[in-house]
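Two complexes come next, and they have one chain in common, chain A, joined by chain B in the first and chain C in the second.
The block that comes next holds the complex of A and B.
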């Protein structure tokens, strides 16, 4: 075993020295290789972080949201619905929610207006989300007026700005009292936008949803796990599409690697010829060349991955953000939590190192079988 | 679902592997028919040169297949959140009828690839390449296996539909269900434990014996295969229970999940490595008497057996640690 390790060590030593002798050629390849890893890793790291973020956000959301449908469209929940649902076993709490969208012509963006049930906001006051506060330049104590859809003007005093930590969900949020909300939107008394139900046992969620659907045939229960699944597949799908598009780049890179590996310079040929003349076997030359490929791969992979990590988590992924994140006027500013996923690293490795090694095998062999005399003579 | 990054990577890996082996097949036939190490003809020289290429190619493919199994399981486990009713890899693999066959095929390819790599290793160490014909014949046998694994994977991944309600591991591995897995899961802990430890002890003992005396190679390989089955049975019937600290949860895949600290990998990686080494020992035994391999085969086979013995010992120790570390009590003293 020790002899084997010793042999590999010498091979690596030799390979490194021979790589250093042809700096320009190898650095070029290394750069392109690292760039490819960088692009692919950026996509992978960024989507994974987004997925994590979505899962984190939805953790706090209700297990089931019940909407009423009229002619296939989302409609208000009329009075008496909450009672009609009554007590379903396994449901911890039922709560009618009040929320709506408001288009603000000043910044040309939609806000989400909401009357929270848990904490009452005093009449005439508002609590606004961080992005709303940013876009309208609001601070606690300021007054702001909105023209309601009815044409009337309403003035409110801002009493608080929601913390930045919750920005992903609260960027465009405006919280107000229930009475204000109903007056502003002229919302019919006793009606709600939708109903949120919390279910303690995850295994019972589907049963509860089935009971709801049979008790209220005109309603649509939306499960949190379904929302989560949709997010996960959307992000995966986006990542997959980007990777599939980039596969052309991988292919081009494989061709480049093939070319680089097969275009042996006269000096390299002579080197191999001398090695074989002093007793190296074809197998040894192949091993040396494989080490060369392996070392280049490893260096490029590490360099590309680290650069991608810095790009995504230090600098906010300026390169891929528009494709992967989606777009909105009041887009939340959020810090991605650094997360590395083993599966993704393994996948990335397959995407880059595997095509490279597959591409250089044949050129390596061609180089290794050169006869010593013909190599040295040429 | 085909646009999952890990799925693209897996299909890429097995697609290229099949293509490479298919490209090597005509050459394999030529080697089997025309190889003659004693001859000095130009054709023989060309063949000898080409074996370097195709041996490297095949070795590369096999090594990739070893890693692909890990990626396959890892990916199946991760995708569970996409399917209604799936809690772990079982649900994902159950989405369509090709899931479990694809996994089993990948496992078969894993062990076949390991055996081929062992044969290839001893062959390249002998000066006259005595096993070239055997190696390439085996390659021709491996090609359909790899192609089958690829087709099963392709069918499985193409047939993944998010709206299928799949079944959870609880229904497949419970004592009340029907089928082989359920029968095994219903085994009482004490006999299952006895079986597990006895078979592992025999396997570790035999492989160790072979490593020291270089005898009983076939027995060591057979014991390795038995130890693989016994460990899977052990995981199904008692190790998983202790890990989950739950008397009825028998799933062999949930232990791979982050909720349980990925502890399953600690068990499966040594198990698969040890079994691959043990089977590799068996694959080398027919060539003990080949003149130029008389020194090489016993040495390599002994090293593989050492590895297997160490692996099984590790599996037993890790399983014991899981059992002792758990708060669950299945057997009262």
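The block that comes next holds the complex of A and C.
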């Protein structure tokens, strides 16, 4: 065993000395290789963390949201729908929701106004999201006025700011009482924006949705799993866009690596010829080159991945954040909670390390089985 | 004593591997540290019945992509400029852009 280890160490010593003879070329390759892993790993880590975050936060969202559609557009739910839905078996609870959008010309941003049923907000008061508070400089006790779409001016007292920890879902929220909401948007009495439902048996969600669609043909049920799938696909799409933009760089590297690994220079061929002439076996030459490929690709993978992790989760991903997160006037400030997908890392490892090793192996094997004399002469 | 280059290589690789392992430990530690905040976020979403992340607030179909109507890309009018980049990356289906057969060549010009 010791002899085997010692032999491998000698092979590595020789490989490193050989690499050091072409220092600039090999260091350049290592740098570009690590950079490629860094870019791919950054995109993968960032989007996976965002997907996880969305899935985690939204797993408690309503099981079914029922909208009413008129001419392909979202419309108000008229009175009577709640009673009709209440008669459908399997529905556990029904809640008519009141929410809408308000464009604030002061900061040129949209807010989401909401009258939550679960939280009692006193008339004339508001609870605002952290980004709204930041952009308008609000604190509990301040007064703020909004001009309604009807032209009337409404003044409210801010009684609370939602916690910063929840900013990812609440940045632009403005919570108000139901009476204030109806007065502000001149909502007709008894009408709602949409309906949130919960189903007693989670296995029956699809059945209940089908019953809803047949009982109320102008309605559109949106299931929680569809919400989660929407977010998964939004971030998949963004990841795909970044990867598509990077594909030129990836192909350029693939060509560079293939060229470097598969095309042996005359110097390398002569080196192999000399090694064989002085008694090295074909297996030894292949092992030496495998060590070379392994050391370069493994170092590049590890260094690239660690740098990507630090960039994304310790320095706030300054390189890819604008593309992957998106942009808005009222943007939530949040720090991504790290989430590493083992399968994703394994895939990245497989597609960056193994092709290089394979590209190294084939030409070396071909050169190593040729006659030393002809290898040296060529 | 001068260290062998293989020793140096193994030390460097060992350090890189330790850094790699440390990323997993750090991720687990940060998740543990932020567990309360994550729970708070989920609790607020559950309490208010929130369905979307407040990432893109500029339009209703970007603020609430999961609640957007099915025609939201062309919501203003049927030939409105598409807001999404999909249209610039993917061609429309062939069935939508295929023309009817041209008949003018077959018609004889009047004398």
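Note that in this section the second predicted complex is superposed on the first by the 304 of 378 C-alpha atoms of A that agree within 3 Å, B and C clash if a C-alpha of one lies under 4 Å from a C-alpha of the other, contacts with A are read in each partner's own complex, and residues count from 1 in each chain.
Basically, a contact is a pair of C-beta atoms (placed from the backbone, for glycine too) under 8 Å apart; a residue touches a chain by one contact, two chains touch by 3 or more.
Given the structure is predicted, the values throughout are model-derived calculations rather than measurements.
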Quick one: is A:241 in contact with chain B, with chain C, with both, or with neither? Answer first, second, both or neither.
both
Identify the partner contact of A:116: answer first if only chain B is touched, second if only chain C is, both if each is, neither if none is.
second
Is A:18 in contact with chain B, with chain C, with both, or with neither (first, second, both, neither)?
neither
Is A:346 in contact with chain B, with chain C, with both, or with neither (first, second, both, neither)?
first
More residues of chain A are touched by which partner: chain B or chain C?
C
Quick check on the superposed pair: does A:69 touch chain B, chain C, both, or neither? Answer first, second, both or neither.
second
Residues on chain A in contact with chain B in one complex and with chain C in the other?
241, 244
Inside the complex, what are the residues of chain C that reach chain A?
4-6, 9, 12-13, 16-17, 19-20, 22-24, 26-27, 30-31, 34, 36-38, 40-60, 62-63, 65-67, 69-71, 75, 85, 89
Residues of chain A defined as touching chain B within the complex
1, 44, 228-229, 232-233, 236-237, 239-241, 243-244, 247, 282-283, 286, 290, 342-344, 346-347, 350-351, 354-355, 357-358, 361-362, 364-365, 368-369
Which of the residues in chain A end up touching chain C in this complex?
9-10, 12-13, 16-17, 20, 53-54, 56-62, 65, 67, 69, 72-74, 95, 97, 101, 109-112, 114, 116, 118-119, 129, 131, 162-163, 165-173, 175, 194, 196, 220, 222, 226-227, 230-231, 234, 241, 244, 295, 298-299, 302-303, 305-306, 309, 313, 325-332, 337-340
So in the complex, which bits of chain B are touching chain A?
2-10, 12-13, 16, 20, 49, 52-53, 56-57, 60, 64, 67, 70-71, 74-75, 78, 81-84, 124, 162, 303
